[in-house]
Structure formats: structure tokens, C-alpha cells
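Below, each structure is written out as C-alpha cells.
Heads up, the next two complexes both have chain A, just with different partners, chain B and then chain C.
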Partner chain A sequence: MSVSYKAVQWNRQKLVYDAVLLAALGTYLVGFHQLAPRLDPNVEPMNLRMRAFGSAAFLLLHVVLSIGPLCRIDRRFLPLLYNRRHMGVVLCGLALYHADLALTWYHAYGNLEPVVSLFVSNPAVGSVARFPFEWLGAGALAILVLMAATSHDFWLANLTAPTWKALHMGVYAAYALLVGHVALGALQTNTHPGLTAGVVLGALWILGVHLVAAHRERAADTPATAGADGWVEVCAVGEIPEDRARVVFAGGERIAVFRYDGRLSALSAVCQHQNGPLGEGRIVDGLVTCPWHGFQYRPDCGAAPEPFTEKLPTFDLALRQGRVWVNPRPHPPGTPVEPLPVPGAPGGEAA
Partner chain B sequence: MSAEPEEFYVGYEPRMPAATRRFVGRVVLGLLAAAAVLAWAVPALHRPYALARSDFRDVREFEGVLVAEPVPHLVVARPGETGARAFSRYVLVGRGKSGPKLDLEALAGKPVRLKGSLIYRDGQTLLAVKGAEPMEQPIDAAALAGGESLGRFTLRGEIVDSKCFLGTMRPGHSKVHRGCAVRCIAGGVPPALLVRDVEGRDLVLLLVAPDGSAVNERVLDYVADPVEIEGEVVRLDDLLVLKADPAALRRI
Partner chain C sequence: MIAIVETAVTLARLYGALGLAFAVAFVLLGIQRVDPSARGASWGFRVAVIPGVVLLWPLLALRWLRGRQTPVERNAHRAAATGGAR
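Entry: the complex of A and B
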């Protein structure tokens, strides 16, 4: 959590995560370099490296983009999300190396500066087939570099979570640009239908998992009906499991009603860290804990425990005929709200 | 498909919950297997590399007659051969993406000793020149012969730079190579029309204007595109030259 900034706050799971990431990448890159010359003894080393690193970056982007929706579909994927930023930075490194090779190989040692050559050698922007695919790759690389450069929590805190999140949604623009880069470049030279099918299947996979996840999200975001006083019914008190929350969509935002120690408290269901789904979190050590990166908040005031500084809006709760109601008008972030006792529960009040 | 309800994963805890760990373990194994399969499949689906070479580190000396047109080249006598096979003609290019850095006015038509490295593909050879000096040696007049016209043809193919296609780059053609080909041709490397003959073999015809002058700047916009052009094909020993007006180029 964000009280001071370190380059990486290493822990065991991050180390394991990065080791697995490097092992998978090593398997692909070493395998590519070892197998390609056996498949084709005339292999050209520089071009081979360009293909290996470019395709590794493109494939890894599919993994990066799949993790978010897969976590929405099945929470067991959450460990893949925990250190996804390292995956993004590695992806950026692969793409940079591919770009450096291409720039050097195809555009250096000529009568123009390589970067200038990259942008002026093919001005056929009016044609799809002749379109300068290099421009698409350069655009995607710029986004990936920007994302990698701002991936640290320093930028998250200083840009604010919504701005940071919006900036990092640029990964979808990068993906679209890279599909164009591959389709209008490599696939026009390497016309094997298997490669085209691979790119198409990859795009369908990314679209598919996002549609499934979005369908589930939309169902969860059905606005609750407000009563005459503006309060919104959440559920029967017994429907909220101990140390977990029930989420209601009201007043344009998700509100999480947590049950813990015989009491109920309501706070914004959007984590201040990366806008994670706090309503899917748990009470751990008496604190609301985000399922994405473990950011924690006090349930009765929405404030992160000292020395951390994040604060969430809180909401008033009421119990009416055994059902929980919430006032969707938020208190300012960090405002203490007296928890609502659960009748008959240990720690709550008598039924 | 959901996790066991009691489990809750927190990344900074020392260990993952057991069921989540088992699930993630299977996912990781799947990803490693996918990485291994893709490491084989992706290169296997790429177009085979051409059998071409550029021995740019192997600088040798060559002796022959330097001829400036239709493109700068070195005419080298083939020992023991006469008639149509008496000479080999090595097109001259520079280091990097450039034409040969030679004083053509001073050296053209003269015997020279030339330092350079070989670039070759399918029996066609280029020399990447490092330098040349004149030699005192009689000239075989046949080395300066103008070539034999094979007639006028309408040809379909792709404009490539002769240096990359014949060995410096693999692939040295098509759209991924367009930027490089444009740089090479703009830098003085002779452009060529790459066509497929009736048996599917690549045929490389050096592309010059009808008067034999260079057309480099006039073909840049057509490089790597499928094109059609009509012109006169001339054979100079083992070189094929297409004399055509670039204004007649048509994308197909």
C-alpha cells in the first residue's frame, strides 16, 4: 500500500510470479531460436530474432489482456492478476527490442536517420493493403512504453486511480494497433493460413472473454430501486455471509455492505488502488481487503489503517423488517459511520 | 467453476490457499506447454528463408573490367569458358544501403582490382565494394559488348532492391521489407523487377530506363507492390536487364 515508494515491494509470491513469467518466456524464446534452424537450415539470425521477440510480445499481450476478464469469470485466476504490471513491463521490453532490431535492420545505414526513414519510407496511408504497418507498431509501442513508465504506484497515486486506469486502458488501443501491425505487415509476407488463423483466433478469444465478463458485470450493475426516502434495499440481513459483502448498484456507483463481528458497514466498492472490486473482498484481520492486491480499509470509516492514507466514501445503513437498506448518498471519504448491529448475531444486538 | 468459498487469495501472504494453488499450478503448466508448442508452431508457419548469402565479413579481391552501364558492374572472365559463358557480371553496390562509392568516371571501361564481399542467390552475384584501383592489363573487347535484346515483354512482379533480395536480407522482398528496399534504392542500389517464370522460379531483372539510365528515384513509390510494366529485356551474359519507362508502371 502507498505510504512510501520503493521500486518493487518484493514478496514471495511476486518472486514466484516473475520466475514463472521468465520461465515461460525463456521456453518460448529459447525454443524458437533452437527449433527454427532445425525447421529451416537457411534461417537468417537477425530476422529470426526479430520474429521471436515480436511474436513473444504479441502472444504475451494476449495473456495480459485475458487475465482481467478471466478473473471476473473465475476468481481462481486472481494470482495471475496480482503482479500483472511486471508482465506489462516485460512485454514492453520485448516490444522495444523487436522495434530496435527492425529499425536497425531495415532503416539504419541508409541516407536518412532510421526513425525518419521509418515514417517516410511508405506514405501510402490511403490504401489498406499498402498501409505503413510500421506506423501501427510504433503507435502501439508508444502506448506500451507510456504504460510501463507509469506502471508504478507512484504514478497511480499522483495521477489518481481513475486517470491512471483510463491511461492504462490504452492497452486495448495498443492491441488493436498491433493486430493491424501484424495483419498488414507479417501476414502479407508470411501468407500461411495457419498464421492468419492464429491471429484471428487470438482476437476472437480476447473479444470472447471480455464479452462474457462484461455480461456478468452488467448483471451485477442492475440499478437497485430506491424507496420513497431515496434509500435502497440491499437484501435480507441473513443473505450476507460473515466477513463478506453484498454489493448494490445505487446512485451511479457500487456500494459494498460488509458483515463482520455481528455488525454491518457500507462503503464504496471501488478500491482506491486500481479501482479493484472491493465488494468481492473479505474481512481479513478486521479490515476490508481488496481481492486484487490486498489493499485494506477499516469497514466503519473507509480509511486505510495507519500509516496508509487511502480513504473510501462511507454510507448510512438501516434495518427494516429484517432487510438491509442503504442511503446511496455518500459521506466524504474516511467519514466514520456507526456500524449497524445485526440482530441475534454474536457481537450484534438481541433479536 | 468458482473458487472454494472459504478461500481468499492475498498476494502478500506467504502462500496461496491450497485449492487456488492447485488451480494456478495447472494454469502455469498449461502456459508453459503453450509456450513450448508455439515456439515450434510460429516459426514452422513462416515462409522458408531463401537460399541466399551475404559474406560481408569475407572481403576478397576481384579483378575484371568495370562497366558503368546499365548499372555499375564488374565483368570477370571465367577461366576456360568462351562464348556466352565467357564472362560473369557482378553488380556493384556499396556498404550499407547505398550504391558503390567509386569514381565511375575515372574507372569505367578500365581493368580494376576491386575489394569487396560477395552477395549471391540462385547463380546471381553482387559485390559490396570496399574500394577499387585501376590495373594495367589489356581488355577483352567482348567484356564491353552491349548485350543481346531478347525482345519486348509485359512483365508482372515486384520491384525489389537487388542487394537485399540477392542475399543481404532474408526476406529481402514484399511488404515487410519495403522500408529497407526504399532506403536501398534511394541510396543508389540498383532496383530490380522480381518475376516468377513459368516454372515458378524467381527471375531478377535489373530495372533501368530505356536509355540505360538509372530509375531509382522514379520507382520508389512502387517498391514492394505487385506491378506490371512493359519493356525490352536485354541479356548481358548472366545478367538480365529490363529497359522500361517507369511512367508505364501499373499496380495490379
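Entry: the complex of A and C
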């Protein structure tokens, strides 16, 4: 984010991620083209391709939406999150091709321009069952295009992570619109109960994983009670594992208290890149490392190592009767704070 | 209804055409003024951001005109740290 930009910062992980993604997608599309004509022998080749790409986009959207909450539930899903933006761009490409095929198949041969025809060919705006599902699809596509177009780190830096994240939360609106698009479109013409069941199960799955993840997050975001001096108790010093953090919600955000080399340091637990959950990260090579994309910060000052320029607010710590307390009033980002020695720990003070 | 949609489509195309013209100038001349991290950036990067510039060009045009650079994010901790709360 703070060194010279590249189109894509390729590395082995991203190459493997993209290769697996494209291989899975290719397998699905080939499989769909093989199986679908057996279920519907009268389907036209172009219509078949339109369904293949549309359904692939819809399925991939389920995967994209599942990754975030699954990572909250089980850290083993984190590798899926690492390159999720590429998945979003691929999803957008599938949806655009589906839309292009639909415009050509249904709207290219009339008196009106295809795009105009798309929006005026179904005038049943007042009907729920016959509502123009094309509008819903177009709305979802607009959101997906905006998200794909702003997926580069340049946009994170220029919109700031909170705004960027808010913009990309539009994916939930896109999902809702696409459920409507499928329910009022494909499910009206193809009444196979398996298709309906699949859409309903997909929606229940998305709702379920988000509810479970939200339940876990709510515990982490319960504001801690401050003492008389305004400081907040974190935990017993022995409860913080080496090279890990304990998180406390204070001062309107999460604070991460890291233990490393017999010392303790506290940082604002919001990574400057995508606002990742820094408190769930670990110390790697002496640096606090975000679990999402590996952005790193010095634990004692919150500054990213050179040549990077990201900085996080830091906090004062104190030990009182073997328990760790944090002052929730932050120092400006990048301010060095003397680490608190852990009594009896190697590198810390004598017990 | 047709007239409304045709007008909306025309306006969207006009917005996109203006955005594309701006985007070409921006990735060639303006991007490194707005974001210092874009200095010396690859051509691949400049092409990759064009779709977003086409969509959000008024934001970047204003920033370029005003001589502003990448904003600093705000959250509760940063606001408290820089607002003299200590």
C-alpha cells in the first residue's frame, strides 16, 4: 500500500490460488455443458452457455460470501481469504459474460437498443411474481462491477479502508438482488424442485454462517469496563500466549496486547490494509503480522517496517497484581511506547 | 418509459465517456500527484485502475484539482489519538 504499486503483486500463493480457482471454474463450466442438455434436451447452445456462466457466478458468490465468516469460525479457512479479491474479479467477469449473452439472446433483435430493451421489455413493475427480474440482475451487476473496478490496493489507499470496506459491503445487496433475479427469472421457467431447493439452501447457508460468526464477534466487541482511573483490565499476564495477543474492546475499537520476547505491547487492532483483525495475528520475525494479508507492524511503536509507511495508534500498559491493564487513550499512530516486561519471563523482569 | 430509459442510458454513456477521457489523463499525469505510491508504478497498474477511475472520476478530479493526496483513514482510536484527547 505504501510502496510503488504493481498491477498484481504475484507470488506463489496467488498463482496457486488463481490456478485452483480457474481449474474449478473450468470443471464446473464443462460439467454444466455436459450435464444440462441431458436434463433439458431442447436447450439452445447460447441459452446453455448463458445458464452455465450465470449459475457459475451465483455459486461463486456463495463461496465469496462464505469466506469471511468461515475465517471467523475457523482459522484454517484463512488461505481462502488471502486472494479473495481475484475471486471477486473472476465473479464479475462471469456475470458480465452472462449479461452480454442475455442481452444478445433476448434483446438484440428488436427495434430498441438492447440495453433499453432490457429495462422496458417487462413492464410488470407493480407485480411481485412478474417483477422485471432483469432489473435486479442489472443492479447486482452494477455493484459487482464497482467492486471489481475498485479492488486494487490503490483504491484502499485513496478511499481509506473504512470507506472501501463499506463500499464492498455492497456485495450483500448484490446477493439479495441476485436471489431475487434467480427466483423471479430462472426459477419461473425451470420449475425443477432441486433448483429451488438449491437456492433456498444456499441462502440458509449464507445466513447461518454469518449468524454464527456474528455471535462470536459480538463477544469480542463487548466494551470492557474501565477502572476508576479509566484504565481497562485485559487479562492475567499468563493468559497471553507467546507471540500472540489478547484483544479487549476499549476506546471505541479493539486493542490487541501482544506478548513477545518476555515483553508486552499494545496496538490498535485494526490493520490499515482492509482493516483486518490484527489481534488475531501473531508475531513473525519480531513483527505483528495481520492474519489476512500479512501486513506487518513493529509491536513497540505500531509502525510498519521500512519502506512501508502504515502506522497504528499505540497504548500504555501496566501490570497490577499479575494482571495486564491498558490505558484506552491512544498515542498518535507510530508513537513508540516502552514495552512492559513480563516478570519471570526470559527477556522480561525477574519475578 | 422508453424515453426515460433512453435518457438514463445516454447520461450513463456520457458519464462513462467523460470518465474514460479523464482516466487516460489521470493515469498518465495525475495519479502520482494524488498518490505518491503511484510514482514510477508499472503500466499494468495504471491500466488496472482505469475501470475504477472511469466510475469514480469526479472524486479523483476534485482531489487532483485541489492538490490533495491520499486521505488518512479515521476510526475511533485514530480520532482520539489525533484529537488531543490525551
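Please note the rule applied: the second predicted complex is superposed on the first by the 343 of 351 C-alpha atoms of A that agree within 3 Å, B and C clash if a C-alpha of one lies under 4 Å from a C-alpha of the other, contacts with A are read in each partner's own complex, and residues count from 1 in each chain.
Quick note on the criterion: a contact is a pair of C-beta atoms (placed from the backbone, for glycine too) under 8 Å apart; a residue touches a chain by one contact, two chains touch by 3 or more.
All figures in this text were calculated on a predicted structure; none of them were measured in a lab.
Superposition note: with chain A as the common reference, chain B and chain C can be accommodated side by side. In the superposition on chain A, A:Thr27 makes contact with chain B only, not with chain C. One of chain B and chain C touches more residues of chain A, and that partner is B.
With both structures placed on the common chain, the touch criterion links A:Leu39 to chain B but leaves chain C unconnected. Legend: residue contacts after superposition of the two complexes on their common chain; A:Pro330 is shown touching chain C, with no touch to chain B.
Figure note: vertex chain A, arms to chain B and chain C, all at CA centres after fitting on chain A; angle 80 degrees, rounded to a multiple of 10. By the touch criterion defined above, A:Leu112 lies against chain B and chain C together after alignment on the C-alpha atoms of chain A.
Following the chain A superposition, chain B and chain C show a smallest Cα-Cα distance of 12 angstrom. According to the touch criterion, the shared surface of chain A, contacted by chain B in one complex and chain C in the other, consists of residues 112. On the chain C side of its complex with chain A, the touching residues are 1-2, 5-6, 9, 34-35, 37-42, 44-45, 47-49, 51-52, 54-56, 60, 63, 70-78, 80-82, 85-86. In the complex of the two chains, the chain B residues touching chain A come out as 1-3, 5, 8-16, 19-20, 23-24, 27-28, 31-32, 35-36, 38-52, 95-98, 169-171, 174-180, 182-184, 186-187, 221, 225.
Residues 1-8, 112-113, 115-116, 119-120, 123, 145-146, 148-150, 152, 154-155, 157-158, 160-163, 251-253, 255, 268, 270, 272, 275, 313, 329-333 of chain A are the ones that touch chain C when the two sit in their complex.
Across the complex, chain B is touched by residues 11-14, 20, 23-25, 27-32, 35-36, 39-40, 42-44, 47-48, 51-52, 55, 59, 63, 73-80, 82-83, 105-112, 117-118, 121-122, 124, 130, 133-134, 184-186, 188-192, 194-195, 198, 241, 281-282, 284, 289, 291, 293-294 of chain A.
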